[in-house]
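Attaching a single structure in structure tokens format; questions to follow.
Note that the chains are named A, B, C, D, E, F, G and H in the order they appear, and that numbering of residues resets to 1 at the start of each chain.
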Amino acid sequence: MRKEIRLSGYGGQGLILAGIILAEAAMRDGYEVVQSQSYGPEARGGASRAEVIISDEPIDYPKVTSPDVLLLMSDQACKRFAGSACEGGTVIVDSGLVTSVPETPGIVHEFPITDMAVEATGRSISANVVALGVLNTVAGLVSPESLKKAVSARVPRGTGEINLAALGAGIAASEAAGVG
Amino acid sequence: MRKEIRLSGYGGQGLILAGIILAEAAMRDGYEVVQSQSYGPEARGGASRAEVIISDEPIDYPKVTSPDVLLLMSDQACKRFAGSACEGGTVIVDSGLVTSVPETPGIVHEFPITDMAVEATGRSISANVVALGVLNTVAGLVSPESLKKAVSARVPRGTGEINLAALGAGIAASEAAGVG
Amino acid sequence: MAVPVDNYLRNQFMPHMWCPGCGHGIVLGAVLRAIGRLDLPKDEVCIVSGIGCASRAPGYLDFNTVHTTHGRALAFATGIKLARPDLHVIVLTGDGDASAIGGNHLIHAARRNMGITTVMFNNSIYGMTNGQYSPMTPKGRYASTAPYGNVERNFDMCELVKAAGGNYVARATTAHARQLSNYVEHAIQTQGFAFVEAVTQCPTYFGRRNKMGTPVDMIEWFRKNSVNAAAAAKLGPEELDGKIVVGEFYRGDAPEYTQVYEEVIKRAKEAAAR
Amino acid sequence: MAVPVDNYLRNQFMPHMWCPGCGHGIVLGAVLRAIGRLDLPKDEVCIVSGIGCASRAPGYLDFNTVHTTHGRALAFATGIKLARPDLHVIVLTGDGDASAIGGNHLIHAARRNMGITTVMFNNSIYGMTNGQYSPMTPKGRYASTAPYGNVERNFDMCELVKAAGGNYVARATTAHARQLSNYVEHAIQTQGFAFVEAVTQCPTYFGRRNKMGTPVDMIEWFRKNSVNAAAAAKLGPEELDGKIVVGEFYRGDAPEYTQVYEEVIKRAKEAAAR
Amino acid sequence: MPGRKGRDLRLLQGNECCAEAAILAGCTFFAGYPITPSTEIAEILSEKLPQVGGHFIQMEDEIASIAAVIGASLTGAKSMTATSGPGFSLKQENIGFASFTEIPCVIVNVQRTGPSTGLPTAPAQADLMQARWGTHGDHPIVALYPSTVPEVFDLTVKAFNISERLRVPVILLMDEVVGHMREKVEIPHVSDIEIINRPRPDVPPEKYLPYAAGPDGVPPMAPFGTGYRWHVTGLYHDETGFPTTAAPNADRQMKRLYAKIESAAEEITFTSEESLDDAEIVVVACGITARSARRGVRLARERGIKAGMLQLKTIWPFPYGIIGDIAGRVEKIIVAEMNMGQLIGEVERAACGKCEVVGYSRVDGEPIAPAEIVAKIEEV
Amino acid sequence: MPGRKGRDLRLLQGNECCAEAAILAGCTFFAGYPITPSTEIAEILSEKLPQVGGHFIQMEDEIASIAAVIGASLTGAKSMTATSGPGFSLKQENIGFASFTEIPCVIVNVQRTGPSTGLPTAPAQADLMQARWGTHGDHPIVALYPSTVPEVFDLTVKAFNISERLRVPVILLMDEVVGHMREKVEIPHVSDIEIINRPRPDVPPEKYLPYAAGPDGVPPMAPFGTGYRWHVTGLYHDETGFPTTAAPNADRQMKRLYAKIESAAEEITFTSEESLDDAEIVVVACGITARSARRGVRLARERGIKAGMLQLKTIWPFPYGIIGDIAGRVEKIIVAEMNMGQLIGEVERAACGKCEVVGYSRVDGEPIAPAEIVAKIEEV
Amino acid sequence: MTSAASPEVPVLVRHEWCKGCGICIAMCPKKVLEAAPDGKATVARPEDCIKCETCEIMCPDFAIRVVGGRSKGVAEGKGDVAGARA
Amino acid sequence: MTSAASPEVPVLVRHEWCKGCGICIAMCPKKVLEAAPDGKATVARPEDCIKCETCEIMCPDFAIRVVGGRSKGVAEGKGDVAGARA
């Protein structure tokens, strides 16, 4: 098993942290894992991206080429990465931010992620963790317990509660949507 | 024919200039020539040295190993280089400056070179050119005409006369001594 | 005839790569307006920079432009100016570029009084590398390499350049964009080395780390915490602590380097002719 | 208890390599007498130099000594001081070493206020490489790379170090060997960065090229052309032209770097314990 | 944060891991100047070093950084700096000084695509030769090259140990990709980490000859300020440490410096291999490329090709012997690297015509993928 | 001072000759920082350049010197700097910049015994590999290496010509001995000296693509301030000169840089040989060592040994082909060099096992004498 | 290419260049400008504009041009931003 | 090892270290010192010495030691050389 996950949006959405949390959850589940992210000009202004590879054997090639799971949290991210999803892969879109989803080989699931975050925690900044909840529920990557532990371990001090709420909101919404 | 000449004394005696003049004279005579000199700490305080190789074929190895002609103008120079002369080579010593000549495989010719310079030109600084006159007369390296031209071309502006006088004094003295 | 700013931009590369609200664009605008008022022919302007966010400026400008190595802009510019004294050579540099790795070239260009205008975009941080402290980061401020607060004092770059021998020295902030532009204009008009420190906001790193709010908040902060030179002269060190002194601090009239070197050429040619 | 100078020499390497009449030995004597009066334990003194005639000093001194790379003495010294704040770190450097290639490290050491005493042996020339002009060669003087007279102005290094943030700044010449020694003593006692410029004679290159006569003549020249700081304050720039201003110019009390860093360690340990 | 089974499992970025490993290896001093993609090492150490009573300083440039590191090392502190291409170029003069004066220190170069400013956030493996030859004059150097984050841990510790043991600057070459990616690392308990400290004199100060080496060629080193007053110079020096221009000494000194590395070559040469035994085609690679090479070789085996791979974790001293042996028993060696061909020169030299050596290069800022390796294996 | 037969025969020091040749080659700009044993070049140019209306400046260090040289070259001035080991190390970052941005310039390195401060007035040939690999990242470079003062003249002129022709920094490696010795040189009349100038655009400014190269891989270069406003950057850039991070461009750009040198390799490879035709043992050497090798080979021939020699005047690009050919027809190659073995690595690579390659090194600051060469020839 | 199509609009905002930093909006002494839903500047009260050029000078993105401004894009003058707002 | 063997000589010159620069000779306020034929310093008029230590402080070669000087080789005090000579 090798799962490639790409989280993309714009700088400031916290997607790199989301990638780290997901990777750490996978590690807690005993998987091999590699997490990486975009640097360079695209990290400033343009599309930002975090990538995670989860595998049950050592990961040789650490780059994501055609993600099994793709999170798209901006129009620019869509433009750049929608086509990169693997055939039949899971594509999660923040429907509140993305105005139109370009063609993609994956199967699109739309959630108003940022709006959900505002609703659940009052802060749009926790959209990254909401997204994690959604994404993991839809794609079934790691155990919910590990994900929770990883969230607690990695979010900034004092934001644990809020972020667990965000995670819960994401999980609940996707379960409710019947895609979990 | 390959002749190795080493001029040695202390910094400030102008022996590097003397080496250049000798080399230039040899060049004017149509010889191949290499001139080099000491750098490094020994140039400051310790024994200074200039070397000339004159040859009628291209000079491959440009270092002097056992000089055919050796000029010694200080005790330190004697100590360091007297032994380096080749068997039967010409060794010219400034008898006014050198207190004792160590053993040498060469044949020693003593001249009070610096005193001669003061006598001939009133200036000890022209001892280097006096030495050239002596050395060339004794060892017969280059034509006197070329030597004169080289002196005129290389000594500082306005010192031509004095230096030609010095050269003449050196030539005369060695001729008088019957070693020319 | 004044030339509008747009005329100096390589529009095809806009929008530029600077973050939203980054003050570098305001400083660059001030520079371009100064060039426009002086109506310098584009072909006679050479812009040189080092490496950093600020140093990306030349790529957007329709002059002879060089984006060199980190800290070395003034050394490259010195070669350009000496080989072509008729060019207007302007160095656009960051605080790290100019005061850290490039500090030596700065003081030597000032000492030689090279006819170069230097505008230092001082955002008190290494922006390009994501927010480490620079020699212009005030003591106590936070940065990614100063997690416990910066223990180093910042240079007073204007004092330093003056002490090194520069002929023109001034400072303004993005809250003083008009003066800033005037200072740059005066700097370009200076014969000899001219230095303008432009205090500017990096909301992304300096602002965020130090909880300074939005770009607008940062500009407001500059405005509130600035004192002009005349007023500053009447204040004591405690009162000036944490304040930004703005103004034109020095104008000298030492001869410019390349002009002096023309003398050398004259003398040398005479000597050679003899 | 004062310790005599001889005790600090590595006698086996004497006589030293400096030319007859070279002022470097006088400056070094002044430094050693200061150390002797302060009675610093040899094991607690670390002497650091760069490259040049002046920088050969440490080889002759019976302390912890490092002869580093050209211009970098202060950067090496910064590492030594920060890792061992209890050592007395003294940098002996030439004008080329400190003001040319090493200029940046000098201003940054001053800005950081590193607890280092720097004595710059200023003979206005690159001695070791046979007499090229340095950033301390006065305008108009001759050097092997200034055959038509030097076109560059020299730094006022004391001003520069002060502007950069040093806590102690003084200048004397070999004609003022006693003051010089006192200044070095004060420098060593300074908490923070201390800088003493020792104007000294290079008879071999600077003297000879500029027809300044014997070493004695050069010392006399220094004496005649020196003005003390108090007197200088009353003179105009023309009157001061070509003069050497000697004296103690500045004493500051900014906290020393390694002491401030101790605070960081304290805070960090607290943070880690939390 | 212990993981399952009580092990200290951590998800660490390569750069972060390097910083953690440095501290566990005993590093107490870091001086640096920020540069992508190495900066995280400095950032993390600025936070962690003072926590253990160590010192962090951001210097005015890279030249000053390596100088401060050497200075600190003179006082006995295990010292490190980290940089990338442009900074590595600037450090070269003082790396030569450290090599020649035998002051231990570790220099991390997280490589990016050069030359010049290049592509600051893209990976390349083009500073391999510079790591060996970047400074002027003959000089000994050691360079290690991890390909995974756990290897970063291991080789960072080894870098300090080798540096201390042999009194030589050790360069840790890293790929941008490795520096910036997070992987699972098991951090050993500090008591399980082998730590080597520089040899100290066992004679009293009056008897101390700072450059008199034992049979292993490594002279004992007394920290400054401990009663041993010695002299350090970048001039040729004899056993006393004082300069001499004597030709026989120069010869002796230089040859000892080379010999001390040579005689330890075996203990400091680290490689890792895959299916080498019966391989007919062997891929030689290092760093991130070695991962793809490993996968590529497995895929090739699946297709029935007798492929193998050799990962070089020690680049300098170069394992000529090991590669020469392999060259003698295989048909082809493929050297895969992210540059215009650097390692391949050394491999060709080592192979000495015993087998064909072909290169596979990529120089566009993208890592080489396993499929490319397979294709190359199939092609040759 | 015309010599006999109206020729301009002069007795010149190597460094002096380099300065004279530079001016005759069209050099109008020099920036440098003094360092033994190269300083005379600066000293002479400080006097002579203003005499021809050129500019000399002594910068604050070597980094600034090469930067100023590149800056001046941007305005169209043929520019040069001169240094020795420590300064050469410091210049590396900006040499990479010049190589990558294709700004012509000549860098003289009069080598001394390194590493670090080493033996500042003693010769060594230990910056050979640094000349190729001193800066980070892949980059093209050319390096020439004279062995006599007349060759200094010739190769200095060629250095400028190649630099202009290929828009590449050219390194002139010299031995301290050659830089400091005086020999007879015949200075050609200026009209007899072939001078090559950098390609200039033949299109109007609006059509100018500063990095669009013709078939020879060399793009035309417009001096700053002549109406062509273009952008120079050390980032990867496309034909327009503006930065791009696109991977295919990076690949294209780097490969063009290598190809432009490769395609000119023949015209820029200079060697000199002695009795190669029927030689069984060949000595390969450069610089001052080549002189002893030549004499040594003659002496060996006198003793009936079929010896020959190959002098490399172009070190980079390395003449692998020429040496490979020789290796194919001789029994042994002896590589004589004043270092711990640098050239020999390249020779071994070129020989590729076709003949035995043995080294003869001297690392004590003294040149290799002809007798040593003879002895080595006899020994192998 | 600008958000102002009608000729009487005194201030042009180059929408593709604007990054929505809000500086012009905050600095305009007459509150002429406002943020659009995407955060970028729009001219909300053109009639209030006094053509002081503060917005143009303060825009870090060269995204604002005051039509027929006094100084033709090379604004000079005394007084800092505070002055302009006062 | 010194040119002064008898105990009453107030100034010792280390002959092997002296380079004959003449500084001590010129600077001595009492003309105690003179140049020997080899240029090196000798104590010509020991009886005139006032032990001011100027010679010791001014010797660049550490070749002079004033016996029982006030400051035991760590001379301090006010006044420059001119002062000492006055």
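Remarks
As a convention for this text, a residue touches a chain if its C-beta (ideal position, glycine included) is under 8 Å from a C-beta of that chain, and two chains touch if they have at least 3 such contacts.
Computed from a prediction, not measured in an experiment: that's the story for all the values here.
Any chain touching subunit D that also touches subunit G appears here: C. Averaging Cα atoms per chain gives one point for each, and the point farthest from that of subunit D is the centre of A. By the count of C-beta pairs in contact, the leading chain pair is E-F. Mean C-alpha position of subunit B lies 42 Å from that of subunit D.
As a whole-number value, the distance joining the C-alpha centres of subunit C and subunit G reads 26 Å.
We define each chain's centre as the mean of its Cα atoms; on that basis subunit A and subunit E are separated by 36 Å. Looking at subunit H, residues 19 sit in touch with two or more other chains.
The multi-chain contact residues of subunit E, meaning those touching 2 or more other chains, are 36, 47, 50, 60-61, 63, 86, 93, 97, 116-117, 119-120, 122, 233-235, 245.
Shared interface positions of subunit B, defined as residues touching 2 or more other chains, are 40-41, 45. Residues of subunit G touching subunit C in their complex: 16-17, 19-23, 26-27, 57-63, 65, 71-82, 84.
Contact residues on subunit D toward subunit E in their complex (touch as defined above): 10, 13, 42-44, 46, 48, 51, 58-59, 62-69, 72, 75-84, 86-87, 104-105, 108, 261, 264-265, 267-269, 271-272. In the complex of the two chains, the subunit C residues touching subunit D come out as 100-101, 103-104, 107-108, 111-113, 135, 148-149, 151-156, 159-160, 162-165, 254, 257, 260-261, 263-264, 267-268, 271.
Those residues of subunit F that touch subunit D in the complex are listed here as 33-36, 39, 42-43, 46-47, 50, 56, 58, 60-62, 86, 116-117. For subunit C in complex with subunit E, the touching residues are 51, 67, 69-71, 100-101, 103, 126, 128-130, 132-133, 135, 144-148.
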